[in-house]
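Dropping the structures in below, format is structure tokens.
Here subunit A shows up in two complexes: once beside subunit B, once beside subunit C.
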Partner chain A sequence: MSGLSQILASMVSLKFVAQIIRMSTGLFFAATASFVAASTGVGNIAIESIMTMSALFGVLGSYWTQSAIGGLVIGIACGILMAAIIAFFSMRLGASPILVGIALNTFAGSLATFFLYQFTGSKGSSASLRTPGFGSWDIPVIKDIPVLGEILSGHYVLTYVCVAVVILLYILIFKTPLGMRMRACGLNADAAKTAGINVDRLRLLSLILSGILSALGGVFIALNYINLYSSGMISGQGWMGIAANGIAQGNYLSLILAVLAFGLFKAVAVVFVGTEFPSELIGSIPYIAVFVGIALISVINYYRVKKGNVAEK
Partner chain B sequence: MAKKPKTNRFSITNEKFYNFIKLTIAILLGLALAFVVLCFVSKDPVNAFVTILTGPLKKPRYMGVVIEKFVPFLFSGLCCCLLFKCGFFNLGGEGIFIASGLLMSVFACNEQLAIAGVHPAICILVAAVSGGLLMLIPAFFKAKYGANELVLSLMLNSAYLGLGTYIIKYHFLTTTTSLIASPDYQPTARIGFLSGQFFQDYHISITFFLGILATFLVWFVLYRTKLGYQIRLVGTNPKFADYAGINSFSLAMKTNFIAGALCGIGSAIQLLTQFNYFNWTGVNSPGIGFSGALMAMIGQSNPIGTFFASFFIKYLEQGTTVLYYSDTSVPSEIVAIIEGVIVLLVSSTYFLRRLREKKLLKEGLQSEYRNDREAK
Partner chain C sequence: MKKLLTIVLAALMVLTLAGCGSKEAEVENNEGEKVFKVAMLVPKIGDQSYFDTMEKGRKTADAKYDNVETVLFEVDPAGSADEALWTAAYDEVCEDGAYDLIISANNTYEGFLYAAAHRYPDQMFLNADASTIDETATNVLSTQFGLDDLGYVVGALSAALTKTGVVGVVVGMDIPAMNQFISGYCQVLTAKDVKYVISYPGSFTDTALGKEVTEKMIEKEADVIWQVAGGLGNGVIEACSGHDDVWCVGVDQDQYVQFEESNPEWAATIVTSALKNTDIVIETVIDWLVAGTLAEHMGETKVWGIADNGVGIAENDYYLANVSDEIRADIAATLKAVADGEVEVYDCFLGETDYENNWPTHRDANIVK
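Now for the complex of A and B:
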């Protein structure tokens, strides 16, 4: 078992902490996307599909403009378009948001393959295209500080964007009048309407924001690790974000902790890759962790409601 | 309550006819969008479009592929049909296709079970029971504790794929080829086409009739039995169902077990008719479990609708395959565009609603109009 002890030793290092932060970035985007949509009470479950499409168009955009920023812009535009489709069908045409979400998630994969084939001639990946990515960034002064430098510096550029987004979103939702109105829509749409809040407009806004955040997640996954799109690369990260939001139940700190926990399991899975342990088995760990997390929180809630500590919704 | 006024059967004011019109227009719009897309990607869009629509009719063999491929789809669609009717958004079907399919493969490779005629039946039974039981895992946490069954089932799907790949790779790997797949099935386990020229031409095996039987049974259970009535009641108004004394937990378990069993059967049929080994590993996921949800949505959660929806979508896919023989610029994924438009429009309750409302008011059916408004 020397292999195992070596692996465990590698987990107690600063590099591993940095790895957790890296692994959590995509999840953070997905989780905040789910959070912002849920805050107004619409619930966006199409995050996985938005991430898939914007990952593809982020890569294509990066190829067309030959710049990572161009890719990001086109990826975000794609995310906004997808969010607008959800908003149109669920708010104007009265379709159930869950059904719209299931539909988009189910055929986004095929649609992405369709576009990929049109632009690259391959159904698997965009490896034939030269696509500049974002790369990583060493923070000038901090990188020389011994412990802090290794944790804080040298991450992907979008990881820093992610940190900024998480903070800004907190301020928007919890510290501004607009955010308060959004939360009012989520708590009681009728009361909010009576108070003179335009519920539909705020819900549209939150869906669009959710689309942008999901798109950021998709572009991050495509243009940071390997700078290409391959089918199935999102691999459930959108759903993990939704799961994190489900565990958090409106509490921002729990959201961050849940994402970091999922990121930890993903980082553990990465550490085991290339060792004697079967990677397929290890690769399932994050999914099982999310399953256990969601199941556990629902059981806890059930008994809390039963004991009468919390009013039933 | 006042006597319900008679409505013309073929008027948009009739609920059933309205749904039919909605579906037809959704299909036409889907096809129209596909044509627009074809204009961009194909050199000869008109010919390509016609080939997609008529391609499978050119040879019996082409049609045979449609018939062969749509049966597992149908089972997956029926599964989602039942679940949606009961108000469950459990997408565990995909995972069941993998997990039950793998378990069934172990039985299909077993030499001791190799008795002609009995072997496939055992395999299908194993897949059905295991599928039903696996479906209960997310359903239990939803029904008992109110967890989000959608996320739970999706996480399980991904986990099953990983675990399945592990089992195949380390404990159940074929030695004859370099594929990451199970060993070949026993010849007795395979389900062949029925004898007779017609059946051979159109690839019709016993599974086709199983599909028809299953569709009828699901329809019968949903609309002609107490269980079905309870399922529909819980699906439309869970609180009322609770008040009426329906044990929603045991009902949810029953429904999910039946649904999971349907998916398991679909998996067994898919593997025993079209494959000779199990190779849903790595990223090679079947995708049928997810498509089932779309089929159920196009079929408006009606088993018979689901039957035709699965056939229609598989027919279009075969059409694109036929087109691919002559024109490689159009990938088969174009069907996804048609599928998407149809699903989104069909699930839109307000789509064409205004037209119906105007007509209702004009015909003096104020009560119906009010019902419609309240339904919003």
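Now for the complex of A and C:
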């Protein structure tokens, strides 16, 4: 199989590394969005729909203001609004956040199409709108260093924002008193309440943060990666982020590794497109990776519980 | 309150009865001509591609004749292909014979049309883009496109434009109806000994994936890339626009015109587009309806090729400015040769009898894996 060796050769290249970084960025936003909501014990499963709506409103915002930053602001506002809807229904009205999430996911796709049609007259894409996007960033000095420059420089602007967000979120959750209180809500809300922590306020905060991160993911895809809104373009990235968080189970390093693994498998799938391997099988590689990852974690947990190292949750 | 309810209900009943009465009569316009009523059933319009092209044909025909009245039904905006939904929609338009012709299309929804044709044998139907034809339905005109011919011309153009000797095509899914686009394409490229890359991303929506697979094709030195992949194709155009020496060929409608105003950078990479003129089909069939000859065509399957303007390439100003006179003359000659039947174009979908065995060999003849 000479084809296979060729494929393997193309994977050991700097271009492939760059490709993994491109394909992981959206997943990182989605996974951190899921992580921050879960840290206070609320499950935000509406990430896919928030990304869809923010992608659309990011593009519309960019059109209205004729600036990428304007698009980003409006996209984030849309994410905050949707997070607030989840918070209102689940915390004020007592609905299950999972059900509210299902409701949002069910109607967001059609609602996005409705808005798209209202503002552009098209139901397929925002092709008729002139929308300034973010573009890439060549870091001065570093870009001229061989190898390192190629790895670090020339990525999308929002990819660098993503790296900053991942670091800042780690500091917030694990290194600040606020983060410690947030995690306390997630571990045992009643105990946290007894200790004088305002659980509802922290959950609202984490949901809003989750909305902002999801929105960043949507805006990244529609204003930086592709620079156009096209129906269905999020294509399950929000769900993969939730799966990455499921695998990580509160461990930040595992979260990062899980996302990178998914990004790697997505990139591998692309390498296999156009080879003799059947396309249907290749298309399912990232999803099989998700499935295997989750199954692996369950098995590991089962044995840890059996050994008595960890109390069963 | 009760009184109000009674009045409302009574009014509703009267209206319903009135509605029943008016549909039965033969409709005439104010000049006394018979008015032809045409219904078009699509899931939804506004996709800037397939169904919008059909809508364009409907509107053109509507504007062309005083005595043609067309109605658009957006049956299934969610694209659910729910049988109950479509059956109900067909029952509504067929039931009292108010329409002379009912139009629909697309491989996902055509099954409902044939089912309705069997339930209403006196109704005339047009399947404007047929994939699986039900030959027992004698009251349906099924039309297909010479996509093999179209692909042949795109292939010839790609071969003329490439500098690296490698070209490529992104096909949404590996299914016969989609492969019909590239069967003539592979044939002409193999004949001219130009290498080609084929990508099947397995999706029509995942724009990011479209971009990534195109980047991979460009890595394999493809410098003229055709997209046949719906919304995912936007990602293909995006990827091509990032490389100065790569051309992209659009599909279905003139994509240069689509992006000319809104995204000049994208437009600048689209040398031409492979057109599938469903609107011409609808227009022509309504012409036949008005002329009274449509009934003769019922039960037929007609292929719309280059000669009938069913398929072709967009010869806009950008194409004229960027493709040399010689190449254009050569492409014009190819179009004519194909239209006249001088070239026998391989068709994996309409012509091929042993798809499973013959198609892969044909496709892979000069492929770059």
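A few points about this structure:
Following the convention adopted for this analysis, the second predicted complex is superposed on the first by the 299 of 313 C-alpha atoms of A that agree within 3 Å, B and C clash if a C-alpha of one lies under 4 Å from a C-alpha of the other, contacts with A are read in each partner's own complex, and residues count from 1 in each chain.
Following the convention adopted for this analysis, a residue touches a chain if its C-beta (ideal position, glycine included) is under 8 Å from a C-beta of that chain, and two chains touch if they have at least 3 such contacts.
Note that the structure is predicted; figures quoted are calculated from it, not measured.
Look at A:S125: by the touch rule set out above, it reaches subunit C but stays clear of subunit B. In the superposition on chain A, A:I98 makes contact with subunit B only, while subunit C stays out of contact range. Residue contacts after overlaying the shared chain place A:K306 against neither subunit B nor subunit C. Contacts of A:F89 after superposition: subunit B is touched, whereas subunit C is not reached.
By the touch criterion stated above, A:R201 is placed in contact with neither subunit B nor subunit C.
After overlaying the two complexes on the shared chain, residue contacts for A:I288 are found with subunit B alone; subunit C is out of touch. In the superposition on chain A, A:S110 makes contact with both subunit B and subunit C. Within the superposed three-chain model, A:G246 lies in touch with subunit B and out of touch with subunit C [touch as defined at top].
When the two structures are aligned on the shared chain, A:I226 is found in touch with subunit C, with no touch to subunit B. On subunit A, the patch touched by subunit B and the patch touched by subunit C overlap at residues 110, 113, 117, 123, 231-232, 235, 278, 280, 283.
Listing the residues of subunit A that touch subunit C in their complex gives 3, 6, 10, 15, 19, 22-23, 26, 110, 113, 117, 121-125, 127-131, 221, 225-228, 230-233, 235, 267, 270-271, 273-276, 278-280, 282-283. Within the complex formed with subunit A, the residues of subunit B that make contact are 41, 89, 91, 141, 144-148, 150-152, 154-156, 158-159, 161-163, 165-166, 169-170, 282-283, 287, 290-291, 293-294, 297, 331, 333-337, 339-340, 343-345, 347-351, 353, 376. Remark: subunit C residues 44-49, 77-78, 173-174, 197-203, 205-209, 211-213, 215-217, 219-220, 231, 234-235, 238, 258-259, 261-263, 369 touch subunit A in the complex.
Residues 45, 85, 89, 92-96, 98-100, 102-107, 109-111, 113-114, 117-118, 123, 231-232, 235-236, 239-240, 242-243, 246, 278, 280-281, 283-284, 287-288, 290-291, 294-295, 297-299, 301-302 of subunit A touch subunit B in their complex.
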